[in-house]
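The structure under discussion appears below in the form of structure tokens.
Per-chain residue numbering starts at 1, and chain names A, B, C, D and E are given in the order in which the chains are listed.
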Amino acid sequence: MSDWVAIFIAALMVVSAIFAVEWRDLLAAVVGMTAVSLFASIAFFFLQAPDVAMVEAAIGAALSAAVFIFAINRTERYESEEEGTGWWVKW
Amino acid sequence: MSQYASLLIALPLFGAFFIPILKRISKSAVMPFLVLVTLIQTGIAAWVFNEVYITGKPIIIMAGGFRPPIGINLYIGHFAALFVLVIAVTSLLMTIFSFKAVSVEPKDKYAMLFLLLMLGATGMISTGDIFNLFVFMEITAISAYALIAYNKTGEASEAALKYIVLGGIGSSFFLVGVALIYGSLGTLNMAHIAQLAHLVNPTVAKAGLALLIFGLAVEAEQFPLNAWAPDAYQEAPHPVTAMFSAFVVKASLYAMGRVIYILSAVEGWSSILRLLIILGTLTVIIGEMSALRQNNVKRMFAYSSIAQVGLIAVGLALGTESGVSASVFHMFNHAIVKALMFLAVGYVAVELGGTEINKFEGLGKRMPVTAFAITVGAISIIGIPLFNIFWSKMQLILAALNAQYTWMVALILGASLVEATYYIRLIHTIWFKGEGEKVKESSVLALVMLLLVALIIVIGIYPEPFWNVMQKAGSDIFNVAQYIKNVPLMGVSP
Amino acid sequence: MVKRIFAIVFILIIGFWMAKALDQVPFGQDRMLVGKYYLEHVKEETGAVNAVTAVVVNYRGFDTLGEVTVLFIASTGVAALLWRKKRKRTAKTEGSVVLTTGARLLLPFIMLFGVYIFIHGHLTPGGGFPGGATIATAFLFLYLAFTVYEVDHKIFEPLEGLAGVGYVTVGLIGLAIGGYFLFDWIWQTWGIGKENIGRLLSAGFIPIIYTLIGIKVGTELTGIVDNMIKEPEEGGQ
Amino acid sequence: MNELALIVFAPLIAGALAWLIDIKGIREIIGVLGAAVPLGYAALLYQKVNGGLSFAINLGVFKLTFALNALNWFFLGIGALVGFAAILALVSTGRDSYEWLFALMSLSGVLGVFLANDLMTFFIFWEIMTFASFMMVLHYNKAASLKYFLLSVFGAYAMLIALGMIYAKLGTFDFAQIQQAMYKEAYAVAFKADTVFSKGESILIYLLFLIAFGVKAGMFPLHVWAPDAYSETNQSYAAMFSGVLSKTGVYGFIMLYLLMGTRLAIELGGFRSTTKFGYIIAFLGGLTIIVGGLLAALQEDIRKLFAYSSISQLGYILVGIGVGTALSMQAALFHALSHALFKGLFFLIVATIVYRTGKTTFADMGGLAEKMPFTFAMAFVAILSLAGIPPLVGFASKWVLFEAVISQNLPVLGGMVFFGSAIGFVYLIRFTYAVWFGQRPTDLDNVKDAPLSMAVAMAILALFNVILGIAPGLVARELNKIFGKEVIGGNLYVLDLGFGKYNALAILIYLIAGIVIAGIIYFMGAKARRVPVTDTYQSANPVTMDYNLTIRRNFFLPLKETLAFWLRISFDKLYHDIGAWIEDLAEVLRNYIYNGSVQSYAWYLAIILLILALWGV
Amino acid sequence: MNPYYFASIALILIGLYAILAKRNVLKMLVGLSIMETGVNLLLISVGYVSGRSAPILSEGITPDRAVDPIPQALVLTAIVIGVATTAMALSVVINLYEKYKTLNVEEIRRLRG
């Protein structure tokens, strides 16, 4: 396990992905997705890929989140009740 | 001079980008412009076709002027030249049909998406680079998503959603496969990969090949992965469905065939091929069985088209040259027949307002030319000797028997028995049941249908010239050594 | 509940299989083959300092052409699907005072920053895509700030088409002059800017293409945002 | 274009022309010309039979090769003759150009099958014939045509698999090469050397060929399509349908003998005095005779009666082939010829009756002899020939067949054959009396006789029936030429089998003498009295309305009651249930797999990934 | 087992899990988008060479000091394709919601059989 920065970012990414999938409130899910995209952008930076980091940040995080939020705005915000999410999920 | 073949890709792109500007000038000029672009595309494709088949050497287009492993190259060999022509001609016929079939409002957007679907399929067939194949696959897929949902009805959106989710998963895993292959070989050019395929370490190779084929199989409608196809065919606008079953599926089938044979030096190759044959046979059986009690004729033709695609996949996965050239011949025949039948069904839906089977009662008296077109199409699909599909089906079955897959052939023949049942029921409903007043049929479409019928019968009666073309196209896919020799690879020091 | 357990078991097995395959591709090992050629020849063959931009635009220009088409299809598709006869903006609340004044002040700088990114594509990281995206965020900023603001489609769509047509014409000129589609005729044949590598006016047609891509991506993403934000009026079909 | 190509493709081209030029007068002429060409050339080519005439078309995908030898000249003769007669009759009963196209296409399909020189051409023309005849039946009734098409395509695909297996191992379709390869195989099996085909494979090929030719020849378990198909089509076409198309099945069996006969004989060993595989064919043939005959007797509809009788007659031919000796094969061929002649004639008669009266069941017919004398004369010839009364060809072929079976001392088969001719006689009596004699229903009073074209057609067939009956030596000479050695001796009028002789001329003279004497007695004033038609036999059963057994209504009801137990086992219902079951399975499968939810579709993807993971690991 | 490899495979599989287990269509699209991010991360980490810097060949960096540029070019395209697919999917879902009034996958089943 070469350096702890990589582990830290990887862990953050996986946790925020799991939360993004489990949260019942779709807006929270989109925020989780954006977090994953942001951490991925940072990971790209550490993997010596600045171009990709910028594109991921600009398009992956900003615009896909914006598009998702507009879509939620025109449909429903909350998932249906009987989803049975895990105990550790608040929203 | 041969580099001008790159116009095959540049022209539809130029046309698509030009349409928003043209819309400003005159809104009604969009559809005629579409016909013009497809007409020029057919001209170029015809020129490329006879250029490749006369000189016998494939045209290698080097984008950006860099030699293959460095730059991306388009490999227009015997197969690509043939099928680019098929794509161009089918799109031309479908633009004519779009005049009458597409009434939903943003027609200029429809024209753009139509051109880009054609571009995507052409690109998939002619590209020589795995990632470029992914990009063109995405172009085809996303324009297909838009075109399927184009009618903005609830069902159309549902069909498009299914295709997006499944297509998304498929293309993601395709990319993982590309990552594995690139990770172990360092190059993306297909010929280069074929050259170095034996260097790849077995587990990566097996996983990479499996994922690549999985990604393509979702697009190429193999058994469990084709659940999106019947809905997509049913809900798309009629000309788009015809284009879909005529060449879009064929492009991903060709891509699958190409990927199979360039990675043939890989160690776990034959086991994955056997899995593919099993999947192909299941596609044929399930496809035919589900069409049995359909009351929506368009959906019935969709299932029948899936079944034929399964048959082609079995032909490709046999691993023998005769199998591959037989499946190429079947692709060609099936493209003609299915274009004709979906055109006819679409036209009936436009005139009589729906594709349920009761709309087809007494069609023989109401729309004789369309009824005749459907009947000839149905008879040729069943596999009757004087029509074109018989020859390719026979070649496929003989090739399969040659490769000792007797049980697979028995199942496939059983399935085509089932297919004969529902087609005969349709023929009987059309000609010998029900009454109806005569509907005036547009002469242009009648001419198009009769042209396709004539083509089917000509191939049926004298298939010899077509078979020589198909054999060359089949060997173009099959023997990879020739493929590697044709592509001018720069000696990049490994 | 059973479905979840099955799902987890499935993805674990698939994960294990992919991990086993990835073990044979060790992390961080130098396996470059074609990449090594690019790194060694990028300076004299394309004149760009940023190797990735050179690969994106010049060596594998076809991918980017495809890429731009994908985005074009997305924006046309979204426009086709969300097309309604009569559409209007239904945002109810005006942006807070911070947002509105911020929008008025920052807009030119964001635009400038976006243009900076795609003009310097061949030197610094980033290129047409992030540049275009930044411009799109500038317009998004306006959409969020003002409830009335609407992008005028009469101008945006032709601009988008023009940029696309421009890109293909550049490729065709390359075909005419250099004999190959997307051939870098500025750098290879005319040899302008060969001496000042690393400065603004260098690297053949990469800046031109990246400007076109920047405009195109900017207009397209704004188009997508605009289509998404407007809702059909009750009468709308 | 040499003669063989002209023979095969002339009807097809004529049919297409007739279909295109849809004018009432002209298309008939074109059609008849199209049918006349093969007949003319068949006669012309008689001298050049062993001249090794051959013809090949290279279709790129396959090479179609045709050749003429003694065997397929014999079948070509049957096909062309009965085909021409049927097409001639079609002139008046043909409804529209659709029927002309497909009748002539099926004729060219049949001729193509007879003249084919390699398995692939054989298969291609087999499919053309099946498709064309199916379209003729589809025109009238969907259920019957669907049953016919599915069973015959099932047979065709069985043949395709067998053909494909042969092609895979031997790499050739040509009959001669396959024959040599099979001879080598036979020796290899004899000396226990290793062979190209394993024992299992050769049995599989034999079974597949058995199914394929069994379907077409209407063998017992696969005969269900025949009654509906023969009765539900244009009756004059039915003459060709049952007369000629069923012969392709017989030709196929003979081809099976020629190609793989020795190999299978050695491989599967003998059974009593014949080969095991031959005995299977013979036994099934016997069963077909019994089933066909019994069911024929129970029918109320004329067309169904002759359809079943046609199946039972084919049973004779299969028995002949099954026994497998040179004599029995010749008997089978002889009976094939005579069956084509008298069955073709019968169907033409039925066509005339239906054409003139529009009625098809016994109940509404009767006393037509006065109104249609010419047709009655033809019917009389046909009845004598089918029942096997000496001077006509039916007797000659049956006699040779009986001799062949008995000489091989096969008691079971002999029993079946005798039973068959007895039951044949029974339903013929019913037909003769119910249709021709007795009281004529009032609405049939103004019935006219057969139209000219049908009359000529019937006359041709009746003429052949009589000539070949009186001079069976003509046919015997041809048969000996096929087998190369003198199997049936005797001159033009006498058939000498070594252990039995049949002098056709002598018997004819005695018959004429007998008739003269009977005529004298009749005219001398035998007191003939009118018998009321409803004079029924009840054998002590109460005479109730539904149990009123007259010649015209359920004459054989007691027979049906005795056989009630056996009649429940009907293969027709079995195939129908299989079809319905498959359709329900398809319905369940479709609704279960394509259940519409994206999630389950995503699950399918995950399953495939799992398979790849486990398979690939 | 490098953390980035682990993270990318985990992201792909979490995305797949979301599609398989979650009934809300938008949640599925979130899963799809996460899967695409995971694939991009995998592509980049395959192209990384340890101990080397970004492929910007300014004065200090010589060719043998730079990381592999090709995967970065590929990912540039892949990210934008991902966004394009998501935008298209969302507009389809908006149309769907307008007609079906539901986002639950179990109820979007009119096209079946």
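Methods note: contacts are C-beta pairs under 8 Å (C-beta built on N, C-alpha and C of every residue); 3 or more make two chains touch, one makes a residue touch a chain.
A quick map from chain label to UniProt name: E = Cation:proton antiporter.
Keep in mind the model is a prediction, meaning the values are calculated, not measured.
In summary, the chains found to touch both subunit C and subunit D are B, E. Touch-path distance (fewest steps) from subunit A to subunit B is 2. Set side by side, B-C and D-E show the greater C-beta contact count at B-C. Once CA atoms are averaged chain by chain and compared with the all-protein CA average, the nearest chain turns out to be B.
Subunit C has its Cα centroid 21 Å from the Cα centroid of subunit A.
Put simply, the C-alpha centre of subunit A and that of subunit E have 11 angstrom between them.
Centre-to-centre separation of subunit B and subunit E, using mean CA positions: 27 Å.
A straight line joining the Cα centres of subunit A and subunit D is 76 Å long. Subunit E has residues 2, 4, 6, 10, 12, 14-17, 19-20, 23, 25, 28-29, 42, 45-48, 50, 54-56, 70-72, 74, 76-77, 79-81, 83-85, 87-88, 90-95, 108, 110-111, 113 in contact with two or more other chains. Touching of two or more other chains is recorded for residues 131, 135, 138, 142, 145-146, 149, 152, 157, 161-162, 165, 169, 176, 180, 183, 188, 206-207, 230-231, 290 of subunit B.
Within subunit C, residues 7, 10-11, 14, 17-18, 20, 22, 25, 31-32, 34-36, 38, 50, 52, 60, 63, 66-67, 70, 73-74, 77, 81, 125, 127, 129, 224, 228 each touch two or more of the remaining chains.
Interchain contacts (touch definition given at top) occur between A-C, A-E, B-C, B-D, B-E, C-D, C-E, D-E. The part of subunit D that touches subunit E in the complex is made up of residues 590-591, 594-599, 602-603, 606. Only residues 1, 50, 52-53, 117, 125-127, 129-130, 133-134, 136-137, 140, 221, 224-225, 228-229, 231 of subunit C touch subunit A when the two sit together in their complex.
Of all residues in subunit C, those touching subunit B in their complex are 17-18, 20-22, 24-25, 31-38, 45, 58-63, 65-67, 69-70, 72-74, 76-77, 79-81, 83, 85, 154, 157-158, 160-162, 164-165, 167-169, 171-172, 174-175, 178-184, 188, 237.
Looking at the complex, you find that subunit E touches subunit B at residues 12, 15-16, 19, 25, 28-29, 32, 35-36, 38-39, 42-43, 46-47, 70-71, 74, 77-78, 81, 84-85, 88-89, 91-93, 95-96, 99-100, 108, 110-111, 113. Only residues 1-2, 6-7, 9-11, 13-14, 17-18, 20-21, 26, 29-30, 32-33, 36-37, 40, 43-44, 47-52, 55-56, 59-60, 63-64, 67-68, 70-72, 74-76, 79-80, 83 of subunit A touch subunit E when the two sit together in their complex.
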